[in-house]
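As C-alpha cells, here come the structures.
After this come two complexes, each holding chain A, first together with chain B and then together with chain C.
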Partner chain A sequence: MKENDRFSMPDCFNLASKPSLFCPGCGQSMFLKHLGSVIDQQKIIDKITLAIDIGCSLLAWNYFDFDIIQTHHGRVVPTAVGYKMAREKRIIIAIMGDGGGYAIGLQSLLHAAFRNNPITTFVMNNTEYSMTGGQMAPTTMSKELTTTSPEGKEEKLFGGAFLGPELVRQAANSDAYIARASVSNPVILETIIKKAILAQTTGNFAFVEVLTICPTNWKTDVAGSFEFLGKMEKIYPVGEIIKNGRTKNK
Partner chain B sequence: MKNSGFVTGNEAVVLGALAGGAEMFFGYPITPATEILEGWVNAAREDKNLKYLQTEDEIAAGFAVVGAILAGKKAFTATAGVGNVLIQDPVSMAENERLPFVGIVTQRGGPSTGTVIYSQQEVNLTALGGNGDGLRIVYSASSVEESYLLTAKLFSTAWKFRFPTFLLTDGYLGKQRITISLSNPLKSYPASKILKEIPGKPTHIRNCYGSEAEFAKVLRRNISDYKALISKVSECEFFKATDASDIIVAHGSVAEASKAAVISLREGNVEAGLIRPITLRPLDCRGMFPYLKAAERIYIIESSFEQFARLVLYKMPEIADKTIKIFKPAEGFTPKEIEKTILERRK
Partner chain C sequence: MAEQKINKIVFAGEGGQGIQVLSKVLSTTLAVAGYDVSYIPQFGPEQRGAPSVAFVQYSNGKIFYPKFSKADILIVLRKRAIKAIESFIGPETTIIFDSSTIPRNLIKQKGPKVFGLPATKLAKENFKPKALNIIVLGVLAGKFFNLGKQIIWSGIEKQLGTKFAKSAELRKVSKEAMEYGFDFSLENKKFSPPIFDTHGSIIVEKGWGKTAVIIPKFCKGCGICILKCPVSALKFGKTLGVYGTSSPDIDLEKCIACDNCFQFCPDSAIRVEKNS
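Right, the complex of A and B next:
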C-alpha cells in the first residue's frame, strides 16, 4: 500500500468491489483493510486464499484480488481445514462472525484448535448478530439491548460475555497462537494479524478475536461507536492469550 | 492392483475410490459405513499420498470435502442415517457452487437412529435432499462388485458434470465378503483446480446472491446442465425384460433378490423380468419406458415406504394404473418371498 495512493487502499484490494457492500462505518471493513495491509507488507498475495462465513463476513466475497470462497454459517473452519490439507503451501485465512465462531460453528473451531490444524481464523466480535439486524449473540454483554434481549441480556438466562479466545486456548494445542485485538488500535491489530499468519506458516493453528463496531445496529455515531468499543475492551481484554501450561504435544 | 479380491462391500468401496483417483477422505464413524473410513485409513498407511481426517462430526466432514475439492482434489465422505442428514448442509453448498462432492451412503433404517444395518430409506434424502432445488446424481449398487465399479465411476461423473454424486449401498452389501473382479474398465476423469490461484485474476466463489433475478439465472443454467446430462449419465439393467408380462422394478439389494425371483418365476413359466435402475437420479426413463409400457403388470419393490416408487411414478405416471407397490420399510426381501408375492398378486 502506497502512502496517499488509491485513497490508501491496500494493493491487494479488488477495486471492482469498491465501494464495498459493508455499511458505512463498519468495523469489519476496517479489519479487512488492515488484513490487506499486512498481506501487502508481507508480499504474500500469491499465497493467500480467503474463506468467509455467512453473516456480514459474506459481504467480502469479492473484496480482494486473490481467491475467495464463501461457505455456510459456522462452516468456514472445516472448509478451511479441508482446503489446507489439500493445498499445504497455501495460506488459508478464515473469517467469521461471533455466531459462526461461538454458536453454530464452535464445535469445529474448538476441534481445529485442538488438532492444531495450520489455518488462520478470525472472529469478528461486535456483541451481536448484525446481518440479521442486531440479535443477541453469545458475545452480547450483560444487560446489553438487542432485538432478542429487548430488556437487556439477562445473564441468569443467557450467560454473560462469552470469552472466546480464553475458551479456545483451553482446547488448543499449546503451540497454537490465540489472541484478541481491536479495531481501535490498528498497530496492535496489524501486529497480531502478522503473528497469526506466521503461526500458520510455521505449522500451527491461529485464532484471533477482533473487537469491532457496528454503528448500524448499535445506532451509534462515530464517537458513540468508539465509546461502546471502549466498554467492550474492559470486558474483553486485548492481547495474546498465553499458553496454558499444558505439556507440548511433541 | 490385484485382478480379484476377497472383499466386503465397504472394502470394495475403498478400492473403487482408489481406482477412481480419490486422494482424500473425511468422515465420522457410523454403522454400517464405518469400515469405509477404517479402510481408507489403512490404505493411507501404505500410500503416503492419501490423506484423511476423522472430523468432529459429519457436517465438518462434508465441508472439509468441499474445501479439498475447492483446492482441486478428489475428496469424498461416507456416511449413513443421521449422518446423511448432517451432510445435507455441505451438499447443499456443493449443489449451489456446482462442486464435485462425492458421497457414499451405506443405508440404515430410519427415521432417526432407526436400525443400524439395512434399509432403502435413504433414497429421498440422498436423491432430493438439501434446501432449494437439489440437483444430484445418485447411483445404487446391488452387489459388492458393483460397489467397487460404481464408486470408481462416481469421481469421474462428479468431476465431469460438476454435480454432487452419490452411491447408495446398505449394511448387508457393505459387510458381506465375497470374491470379486477388481478390473476397472473406466478411465478416471481427472480433477482440476477450481480456485485458480492467480493474483489479479481471482476466483471468487459464493453461494449467496443479492437478487432473485441474479440467482435465478444461476439456477436456470444448473437445471439446463442437469437436463443435458440425463442421457449421458442415466443407467439401467434390463434382466429378461424384453418379453416380460410381469416386470419388477427394484434397485440395490432388493433388485438382487428380485433377479433370483425372476429366474425362479421363469422356471414356473411366468414371463417375469426385472428392470433395475443403476442411477436413481436421473432415471433412465427412455430405456425403461418401452418395456414398462408393454408389460401387463409392474411391481415396484423396495425396503422403504414409497420412496423409490415416488421417483419412478413421478417420472412415468402412465404406468401407475398397472403398478403394484410392495413396500417393507427397513426390512429386506428374500427371493422366495418376492416370487410368492408376485404369484399371489397375479391371481
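Right, the complex of A and C next:
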C-alpha cells in the first residue's frame, strides 16, 4: 500500500473533509471509522446512503464519499424508512445521538422496530447531550454530574440509566437485530456493525446502541475517558439482545 | 463633550483557545472603566477546532449597532482562523498575530502596523499552554486599551473567580502570565520563526520490517494511541498536530505492529504495517 494521506483511513472517507469537525478523542469518529471499514470490506459503497440527525451526529455531514441525508431532530428514522420504501435496493444507515433516539425521536424508533422496517439504525450513547455542552439526557447514569445535574442525577426525579436496546427489543419483531456495542472493543464493534447491515439486506430492522466517549464534556483525559466508559459498560451491558418470545408477523 | 470615537476590535482563533473568555474579560473591564461596549461572539456548532471569532466595540459615546465591516485592531492567534477574518482587514487596521504559529507572509497587510506576539511559544515555554489567552490579554491591556495591571486583573478575577477558588496554583500562574504579558514588548520588524506551526505533510518511518505512517495534519493530540499501545512504543513527540498539540513519536524497535493504534485512532492519523 502506498504511504499517502489515505494510508490510515478507509477508502470511503472524504479526504477533503479531514481533519474532521469532531473534538479530539471523540468516540463517534472512532465509530464512523469502523463503519467505513465495514463498508469497504463489504464493498457496498455504491449502494449505501447515510442519514444523520441533529446533535454531534450531524458533524458527519461530509465525512464520507457517498450520499448523506440531513434530517430534522429525531426524525432520522422515519426519513430512513421512507427512503427505503422508495428505493428498496439501497442500504440506508441512520445515525443519531441519545437525544434523537431516546428523547424526541423515541416513538419513531419504536414504531419502525415494531413494523420491522428494513433499515439499520445506530444510536451514539455518551450519557449526555454533547453538542449543546453536556446537559442531562435519559441515558445519564444515576449520580452522574452534568451541566444540568450539578449535584448528580437524582434517580427519584429523573430515573436511572435508560436501557434503549432492551426497550426496543420489547416492541420489535422477533427477527429484528438488536445489540449494544462499545468503542472500547473495535473488533466486536465491527462484527456488530456487519451483522446490523446484514439484517437490513435480509429484510429486517436493525438497531445498535454504541457506547462512545466524550472527553470534552466529561472533562476527562484519555485514561479517564476509558475508565468512564468501563463504568458505563457495567450499567449498559454490551452484546446482542436476544430475541423475545413474540411470534413472527407474517 | 469630546467627539465620539468607536473602536472596533476583532479577535480570532480556534475553539478551545480561550478567545471568547479573553473577549468577555476585556469587554467587562472596558465597561467597568466607563465605556459603552458591545461584544458579539461567533462560532460554529463544533466545540473544538473550528474558527472562533469575537467582535468587540467600545466607545466614549453610545454604540447603536454591533456589526462593522473593517476593524481598527485585529488579533489572530491561529493559522486556520485567518480565512474567517480576512475581510475585516482595512488599510488602517492594526494587526497582532501569533508569530510562533503563523508565518509572517500569510498576513497580507504590509507596513508598520503589523505586530508579532509569539503567544503560543511564551505560554508553552514559560507557563501552561492554556495560559495563552491571559498572556494576550496582558499584552493588549496596557498597549492598546490604556488599562492598568490592577484593573485588568480584577476583570480576570471576576470572570474566572470560580476556577481560581478551586485551584490557588491556577490563580498564581494566571497572575504571573498576565504580568509577563503586560511587560512584554511586541515584535514589529523582526518576527519569531513559526516553530509551533502545524506539520504539513506525512511522516513515514521504516525499519525492523515495519512501516509506520503518522499524519500530523490529522492528529488532534488526544493520546488514545499512546494509552492503547501495549508495549509503550508511542509517546508524545515534538511534531505538532492540527490543533497545535503534540503528535506521537513511534519507536519501531519496540513496536509489535498489533494494529491497536490504527484501530483506536479517531482521526485516522496513524498506522503501522508489517512489510510483506
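Just so it is clear, the second predicted complex is superposed on the first by the 244 of 250 C-alpha atoms of A that agree within 3 Å, B and C clash if a C-alpha of one lies under 4 Å from a C-alpha of the other, contacts with A are read in each partner's own complex, and residues count from 1 in each chain.
We take it that a contact is a pair of C-beta atoms (placed from the backbone, for glycine too) under 8 Å apart; a residue touches a chain by one contact, two chains touch by 3 or more.
Nothing here was measured: the structure is a model prediction, and the numbers come from that model.
Enquirer: On the A-aligned overlay, A:Gly25 touches which partner chain: chain B = first, chain C = second, or both, or neither?
Expert: second
Enquirer: Check the residue A:Met131 against both partner chains and state whether it touches chain B (first), chain C (second), both, or neither.
Expert: After superposition on chain A, A:Met131 lies in contact with chain C alone.
Enquirer: Of the two partner chains, chain B (first) and chain C (second), which one does A:Tyr83 touch, if any: first, second, both, or neither?
Expert: Touch partner of A:Tyr83: chain B, not chain C.
Enquirer: Check the residue A:Glu151 against both partner chains and state whether it touches chain B (first), chain C (second), both, or neither.
Expert: In the superposition, A:Glu151 touches no partner, neither chain B nor chain C.
Enquirer: Could you say whether A:Phe66 touches chain B, chain C, both of them, or neither, answering first, second, both or neither?
Expert: First partner only, chain B.
Enquirer: Tell me which partner A:Ile45 touches in the superposition: chain B (first), chain C (second), both or neither.
Expert: The first partner, chain B, only.
Enquirer: If we overlay the two complexes on their shared chain A, which of chain B and chain C does A:Leu58 touch? Say first, second, both or neither.
Expert: both
Enquirer: For chain A, which residues belong to both interfaces, chain B and chain C?
Expert: 58
Enquirer: Quick one: which bits of chain A touch chain B in the complex? Just the residue numbers, please.
Expert: Per the stated touch rule, the residues are 12, 14, 45-46, 49, 51, 54, 58, 61-62, 64-72, 75, 77-87, 90, 107-108, 110-111.
Enquirer: Quick check on the complex: what are the chain B residues that touch chain A?
Expert: 23-24, 26, 51, 53, 55-57, 59-73, 75, 89-90, 92-93, 195-197, 199-200, 202-208
Enquirer: Across the complex, what residues on chain C touch chain A?
Expert: Against chain A, chain C makes touches at 44-50, 202, 204, 211, 213, 215, 217-218, 220-224, 226-227, 242-243, 245, 262-271, 273.
Enquirer: Spell out the residues on chain A that touch chain C in their complex, using ranges where they run on.
Expert: 1, 3-5, 7-10, 13, 18-27, 29-30, 33, 58-59, 130-131, 133, 186-187, 215-217, 221-223, 226
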